[in-house]
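Below you will find the structure I want to go over with you.
Read from first to last, the chains carry the letters A, B and C; within each, the first residue is number 1.
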Amino acid sequence: MSITRLTELKIVLETILLSSSEPLTLEQMRGVFDEDLGVDMLRRALDELRDEWQHRGLELATLADGWRFQTRQSFQRYLQRINPEKPPKYSRAVMETLAIIAYKQPVTRGDIEEIRGVTVNTQIIKTLEQRNWIKAVGHREVPGRPALYVTTAQLLSDLNLRALDELPPLAELGSLVAPNPYTAQLDLTGEE
Amino acid sequence: MSITRLTELKIVLETILLSSSEPLTLEQMRGVFDEDLGVDMLRRALDELRDEWQHRGLELATLADGWRFQTRQSFQRYLQRINPEKPPKYSRAVMETLAIIAYKQPVTRGDIEEIRGVTVNTQIIKTLEQRNWIKAVGHREVPGRPALYVTTAQLLSDLNLRALDELPPLAELGSLVAPNPYTAQLDLTGEE
Amino acid sequence: MTGQTLASPDVLALINGQPLTELPHDLYIPPEALAVYLGAFEGPLDLLLYLIRRHSLDVLDIPMARLTAQYMEYVALMRKQQLELAAEYLLMAALLIEIKSRMLLPRPVQADDAGEGSDPRAELVRRLLEYEQMKLAAENLDELPRVGRDYLAVSVWSAEVEKLLPQISADDLREAWLGLLARAGTRRHHTVGRQELSVREAMGQILNALQGDLFMEFTTLFEPELGVSHLVVKFLAMLELAREHRVEITQNQDFAPIYVRLA
């Protein structure tokens, strides 16, 4: 491909990526061109495009559901001055419910209640569904047929991740407690 | 102004303009910077920015109510080939304005600004009026006689509701908003 | 080993082999803070974890008597404050008491394979650890850079996209209110902050401290560990009291200690 062609290709890619309200997949981007572009060519153009934006306020990010331009975190302070309203901050109840679904999926409401020790407010599930971070994907075949929840690609994209395994690793259960050499002997003496 | 400063200025301007969902006024752009930029300096930077985008797919356009990046006409054919899976979303500012009008009607622009704590962009009211979701129904008899806005039957039908009282109740929302993170710290000091 | 140590009359219990001679003193919560304070817990497991972490107890070796007693104290406080006491807290209380009573029963010397006769605390420990793991995971998740909060997705205006009108639902309006509420909530809490540092209250504290003692040294009336804002408020209160002639402030010579007493 000639240099001019590659430059043109990048201009079109930049334009469609900057104006799309959703991340674009490689397939979607290929479909835009009259001729059939190889995936390799497309990737090369995207890589170059990413490099060209290296020192600017936006970055070309690769996400679970495609590519998109997004602002760099270091520019957030400027953006906040344009739009001083803060997005909602989710309560611990909402975030814990989300964490359980993310790490233990698929789970039912009962599973979440078992882990958190409290009833799960319907509003919490609704809030997460509304944000399109979780969705029901069927039922567990037990009495009551409770819905099974999983997280969505949207959640990953919103957290700037490509796959579930990029979630922060769980703390090892063992590391949550210091090993206690006396446990065996101490069953009752500690008590009475 | 040194070349570096001007370059930095342009990077910030480019970033806020590309990421803003509504056109930005010169005043809004000036308010973003720590130091007080002269209007001349700002205009010069915007002019240079416009020139830099001359041969690309977006153009920096001057509209009645401000500046914005938009795609060039000649690139529309590429955009048409992308079938977005989801329609675009309204900005938070648009949604919050609509929510305030829906729940607190009739309200003036001043009322909305009071609740949101920021100026209401004319474009937002226009967007909602064009959608035929809100309309002005008279004036409040105070100095300036500001217009009073209410929601329309069209909004209810688009939301699939029969009456305004079918809007989600507000009372139960309180519990989902995270408690102020400082509250916990304050109370814990009583502990130490 | 256990018999020896317990022989001392002052020893209340053994914690990890160390004799415990005093009950912890830090269970006290200012009553006015209780409602907010308990509101900060996500439920009985969260409260239990707090108690365990607060007292550096080993989760794998929970002293059931102490933990149950402390937990019940909280539950009693909740009832006294007429807080909406969720059933989960009472259920947990019942569970703790059940475990404690089972621990009092003689147990088989050797636990069998089926787990019968194993430590009755085991299930509680498992749940506590699992909850703590998820609680930490939630915190980490919340810290990940999030679109809309830490950065924005970019989509510039185009005539093509403009033709597609955004669709909204009633829930979107609800979500918009949530954002408004979150901000209103921040403002509301600022008011609480002001009350916390009322000059009036500080004046009362100074007058209280001066009861009984004829003179007190000026500096002893301040608590620098509470931070600058407390110092400022205390100082304002002191000036106010002097202005109202309710205290008398004296200093014999330059750089000598300043004394305060009721006027």
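In this text, contacts are C-beta pairs under 8 Å (C-beta built on N, C-alpha and C of every residue); 3 or more make two chains touch, one makes a residue touch a chain.
These figures come from a predicted structure and were not determined experimentally.
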item	value
Given subunit A and subunit C, the chains that contact each of them	B
Most centrally placed chain, judged by C-alpha centres	A
Most contacted chain pair (by C-beta pair count)	A-C
Far-end chain from subunit B, centres as C-alpha averages	C
Chain centre separation (subunit A, subunit C; CA means) in Å	31
Where subunit B and subunit C are represented by their mean Cα positions, the distance between them in whole Å	39
Subunit A and subunit B: spacing of chain centres that average the CA atoms, whole Å	25
Sequence positions of subunit B contacting 2 or more other chains	18-19, 58, 69, 71, 75, 79, 84, 87-89, 92, 96, 116-117, 173, 176-179
For subunit C, residues that touch 2 or more chains besides their own	148, 152, 154-158, 160-161, 171-172, 174-175, 178-179, 181-183
Residue ranges of subunit A in contact with subunit C within the complex	18-21, 58, 68-73, 75-76, 79, 85-90, 92-93, 95-96, 98-100, 102-103, 114-119, 126-127, 130-131, 157-161, 167-168, 170-171, 173, 176-180, 182-183, 185-192
Touching residues (chain side subunit A, partner subunit B) in the complex	11-12, 14-16, 18-22, 24, 28, 31-33, 55-58, 69, 71-72, 75, 78-79, 81-85, 87-94, 121, 123-124, 127
Complex contacts: residues of subunit C adjacent to subunit A	1-2, 6, 13-17, 42-46, 58-61, 63-65, 86, 88, 92, 100, 103, 119, 127, 129-142, 144-158, 160-161, 171-172, 174-175, 178-179, 181-183
Contact footprint of subunit B on subunit C as seen in their complex	26, 28-30, 33, 36-37, 39-40, 54, 148, 152, 154-161, 164-183, 185-186, 189, 192-193, 196, 226
